[in-house]
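Next, two complexes with subunit A in common: one pairs it with subunit B, the other with subunit C.
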Partner chain A sequence: MLFLYFIFLLSPPGNVKARDVPNDAGGKIEVTWKLSPDDSLLDFYIIFRQTQTEAGWSTPETLMIVKRGLSKITDTDCKDGVKYRYIVRAVKGEEWVDSSPSNIAISSAQWFHKKRASALILLIIIVGLLLFFIQKARKGEELFIRKITGLDAIDEAVGRSTEMGKPLLFTLGLGTIADIPTIAGLSILKRVSKKAAEYETDLIVPCFDPVVYVAAQETVKEGYMEAGRPDLYKEGNVFFLSYDQFGYAAGVDGIMVREKPGAIFLQGYFYAESLILAETGNSIGAIQISGTTAVTQLPFFIAATDYTLIGEEMYAASAYLTKDPLFLATIKGEDWVKILLIAVIVLGIALETIAYFLKIPLLHFLKQFFTII
Partner chain B sequence: MVEVIFIWIAAGLTLAIFSFLYKDNPFYKVAEHIYVGSAAAFWFLYLWFFDVEPKILGPFKEVFHKYGFSGMWAHFGAEQWILFIPIFLSICMLLRFIPPTAWLSRWAIAFTVGMAAGLGVTGALQGYIIPQTQATLLPLWTGNPLTSFNNLIIVIATLATLFYFFFSKEHKGVLGVFSRIGITFIMIAFGASFGYTVMARVSLLIGRIHFLLFEWLSSFFH
Partner chain C sequence: MKKEVPLIITFISGFLLIVALFIPHEPFGSLQERFNDWYIIVSGFTLILGVDSLLLYHWRKIKTKDKDAPYSIILIITFITVLLWGIYSGVKHGNPFAPASTFLRYFYTYMFVPLQATMFALLAFFIASAAYRAFRARGLNATLLLVSAGLVMLGRVPKGEIVVPFFIAITLILIAIIFVLEAVARVSLYERLLYFALALISLIAIIPLSILLREYLPALADWIMNVPQLGAKRGLFIGIWLGAIAMAIRIILGIERTYLK
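And now, the complex of A and B:
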């Protein structure tokens, strides 16, 4: 019934084509059609979908209604491996006309996104460089790391707090354990907890995320054990506070003004609570060392704390603090990745500038290579 | 009437929190504890109804209702079987409460951290490094002096900032000069970000003051 022309005044949309959306996780089919010659007179198009069953094609179901002038839709509700076909109906008031059914299309997932080849190539280069420098470090090559003032200040802060007879406070921010700044923060926490154990100073760690809380407990326990003082470890000092952003901020502020820590470490991923925490810490006269990769919060930390680890300086913390050759090798590898990127950028700028003057589209190849859809 | 009561509670708690600006006091302590406690209750329910119930229990419910406990196992598909991995890891995490088995929680943490590190590498590449590199590949002359100058600033700032984050060389000589230019650009960017964010915070404060003046105080006259 559907394929019959009920009204002969309207021309149907033509050339309806369906295809699996490439480079996706499956479940999507793209449908295109040639607009009806009467497109300007139409109210809208209705797209119908049919599914192939053992008994043949199912009754057409309405997939969506699109306004005139549109000739492409994406069906995002497909089951992979099922055969579908589509019909486009042109509608004007009470009149309508159907297109011929499209070709059969089957959605499927792709393992590899072809337009992200640049990411794969860069990843291989990065991994290659890291492995190369790790190998060099294993052979005993001396590796240098520049001074990072914020990390040097950790021992000073713990010492000062001990002299004042005050505890230390360490917050890992609002990041989850899946956030890299939180993982970097944990490596700094380990160093702080080891120093706290050596100096016999209490360390308070209020946590925002339950999984981070568990990881923080393990980290602090390990720090105390490495210092040879597991007896000083107090499980209750590392605790879950709140999973609400400002509830957490209010709680940490309360702890700061009541416990009056001598040193405060703000290391991890922070949001709008950063300044509330840093200003309260400042008001009680604690020495504060902050670090985050959150670009919008770094200005507040720089303004309100004594030392700030900016972005990647946090990631270098574990290598810097442990001086482990393998960690240092990764820093060296990262620096070579930066050199490579600088070279690529300089080359790309030269090519783009020449391309502007000579009008040769081929010279945009590097920019296109780095274009990820 | 109920609405007025809630406005009074909200205004009281707002003023109690603001009182911290003077110093720590019993009013702030009460507000802080109410906030932390109610947030814990809220997030427990939120995680139950938006994570555990629909994502873990949901896929089993339908099969259970249809086939019963003994019959459901034969009708589990990939959707159900795959859930046993997070369920197992969740149980490992909960075993922290039983000291002899507490070490099993490390499996769950190790899995999550490993997954995060792996995703972080590709995420940083596709989300930051490649788009930033692509956006820096700009012609230094575009025909328009202002656009060309803008492009020049973007290029110099990006390259100098990269130099600042060199860790395996002492920042002396040429590298020192570039890294100083880099940190200057970083600070300029932070200054702009600071002003922008402060404006957003001021708008939050205005919202709260507006509530106190126009909703709370106006309730005196009704």
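And now, the complex of A and C:
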């Protein structure tokens, strides 16, 4: 009797819908369905796929098995232009019941990611502003950049280290060459190496990433050449240390304790090892200048080092140190984008507040424009 | 040409990757993935350069009889041992990290993982010493940091609201004592009365503040984290990403060339 009870009452999943996944490179169809009313009693669902051929619909092939409670899958094995339809089977022990076939779906690739339209417009505005100020700088307009204490302290740190007769230590963190903070760190390294050459002080650069090691070696060599002292450059002072996070931290800590550098530069992208390095540097009494864009590590650097380049200050380093008008122009453009963003944020707050109190859905347009999912 | 060719490659790669963000259609859709694969291949080769640099660095130290040469000898011996052990286990088990591999058991599980954990554990002590320096109430900013950090910590720990009345009582009694000492040290009657009044207010505030914080501490901690903290963090993020875009444009246009030299 109980067996018959299940046979007659097992309800099928309903409303099976298939659609091409939007904004993708094709080959994907999203299938959704309404859960069977007996979902809590089921073991699982089996999703079948049928392909349309000249002879009609093919025999259903098993696409995947999903646990109960799930009502959405993505078929990632579709051929663009081929017609597909789907059937969802609800299974409980030996019993099962099929849904009606879904609508016909055809996967295709898109040439524009519609949900990124707002990002594209913003990018065009930002790039346009930056190019406008670069053009202005090319015409010879003078640009101002505010004082950045951390960068001003570089010369002081190198000088102090030289007076103490101690080497300098520079670490570029755990970032790869594909990370922008590492490239910003390299421009600071160039300045430090130039100063080190001028003051005839040793510069030690232990590297985490082998590609960064090669770039650091070239940067330091260039710095010594610019200072007119290529003879002082020691190839062995820029070296690869380890590709393991804590192995690297242990290695740099060891160098700090043994070599006792007078100044330590922590410039790049850091993770949990940031405080281990900064506190060891602090314990040996070195003057420390840190800089990172890793927001979670910034408090550690602020607490443990003497000067910290906070986030974007690091990116401004090359502009600040070279005072090149083209570099400064991009900083100026960045500031204008900030003003624009502040205006948009204020406008957004006002519109959302009015929309909330006056219940006007139309006023949510700015929020909807910036919502990228 | 030595500089022009890399600059052209950088421009084309950078431009293509930006375009690929907005065009899901092939060949653009998988461009980033493909570029990442190429990067992994190139970095694999540079690892050989890295190992060469590491061994050469330590070999030089041994050769010049540097004071740290013993460490270099240990490093080179360890390097060769681990390399050979890994190759042997890889050949024997098909993978050096196979469950039956001695390399996995003795080197990775019993040596490498505990050594990593040891370094990571040091963080606890370093956080304590850094927090001590950061939380010293030397000025208004440091005091605000100390108070908000104390509230967040108490608000986030289990049973923090039970501890908070004691915390408030001790803090306010200490503040009252400071005011009383200030009052005793003053000559002017007006100033004395003012400091005594402040001490009295501190003592009276103990009970209402304790009741309020006991009730609303978790909500207050969440508010600090979700409003002022998150607001400041978002400001930082906006600055960082704008800086990154500006830097990326400098690199693509060939203005920033540090990576080339």
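One rule holds for everything that comes next: the second predicted complex is superposed on the first by the 287 of 373 C-alpha atoms of A that agree within 3 Å, B and C clash if a C-alpha of one lies under 4 Å from a C-alpha of the other, contacts with A are read in each partner's own complex, and residues count from 1 in each chain.
Criterion: contacts are C-beta pairs under 8 Å (C-beta built on N, C-alpha and C of every residue); 3 or more make two chains touch, one makes a residue touch a chain.
Computed from a predicted structure; not experimentally measured.
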Counting only touches as set out at the top, which of subunit B and subunit C does A:V91 meet: first, second, both, neither?
neither
So, does A:F246 touch the first partner subunit B, the second partner subunit C, both, or neither?
both
If we overlay the two complexes on their shared chain A, which of subunit B and subunit C does A:S187 touch? Say first, second, both or neither.
second
Thinking of the overlay built on chain A, is A:V66 touched by subunit B (first), by subunit C (second), by both, or by neither?
neither
If you stack the two complexes on chain A, which partner ends up touching A:T330: first (subunit B), second (subunit C), both, or neither?
second
With the two structures laid over each other on chain A, which partner does A:I46 touch: subunit B (first), subunit C (second), both, or neither?
neither
A:L123 contacts which: subunit B (first), subunit C (second), both, neither?
both
Examine A:E218 and indicate which partner it touches, taking first as subunit B and second as subunit C; both and neither are also allowed.
both
For A:L340, select first, second, both or neither according to whether it touches subunit B, subunit C, the two together, or no partner.
neither
Could you pull out which residues of subunit A sit against subunit B in one structure and against subunit C in the other?
116, 119, 123, 126, 177-178, 180, 183, 211, 214-215, 218, 241-244, 246-247, 250, 254, 258, 272, 275, 295, 298-300, 302-303, 310-312, 316, 331, 334, 338, 341
Give the list of subunit B residues in touch with subunit A in this complex.
17, 20, 23-24, 28-29, 31-32, 35-36, 38-40, 42-43, 93, 96, 105-106, 108-109, 112-113, 115-117, 119-122, 124-126, 129-131, 133-134, 136-143, 155, 158-159, 162-163, 165-171, 186-187, 189-191, 193-194, 197, 201
Of all residues in subunit A, those that touch subunit B in their complex
116, 118-119, 122-123, 126, 143-146, 148, 177-180, 183, 211, 214-215, 218, 241-244, 246-248, 250-251, 253-254, 257-258, 272, 275, 295-296, 298-300, 302-303, 310-313, 316, 328, 331-332, 334-335, 338, 341-342, 344-346, 348-349, 351-353, 355-357, 366-367, 370-372
Subunit C-touching residues of subunit A, taken from the complex the two chains share:
23-26, 109-113, 116, 119-120, 123, 126-127, 130-131, 134, 176-178, 180, 183-184, 186-187, 190, 207, 209-211, 213-215, 218-219, 222, 236, 239-247, 249-250, 254, 258, 272-273, 275-276, 278-279, 293, 295, 298-300, 302-304, 310-312, 314-316, 318, 324, 326-327, 330-331, 333-334, 337-338, 341
What residues of subunit C sit close enough to touch subunit A in their complex?
18, 21-26, 29-30, 39, 42-43, 46-47, 49-51, 53-54, 56-57, 60, 68, 71, 115-116, 119-120, 122-123, 126-127, 129-131, 133-134, 233, 236-240, 242-251, 253, 255-256, 258-259, 261
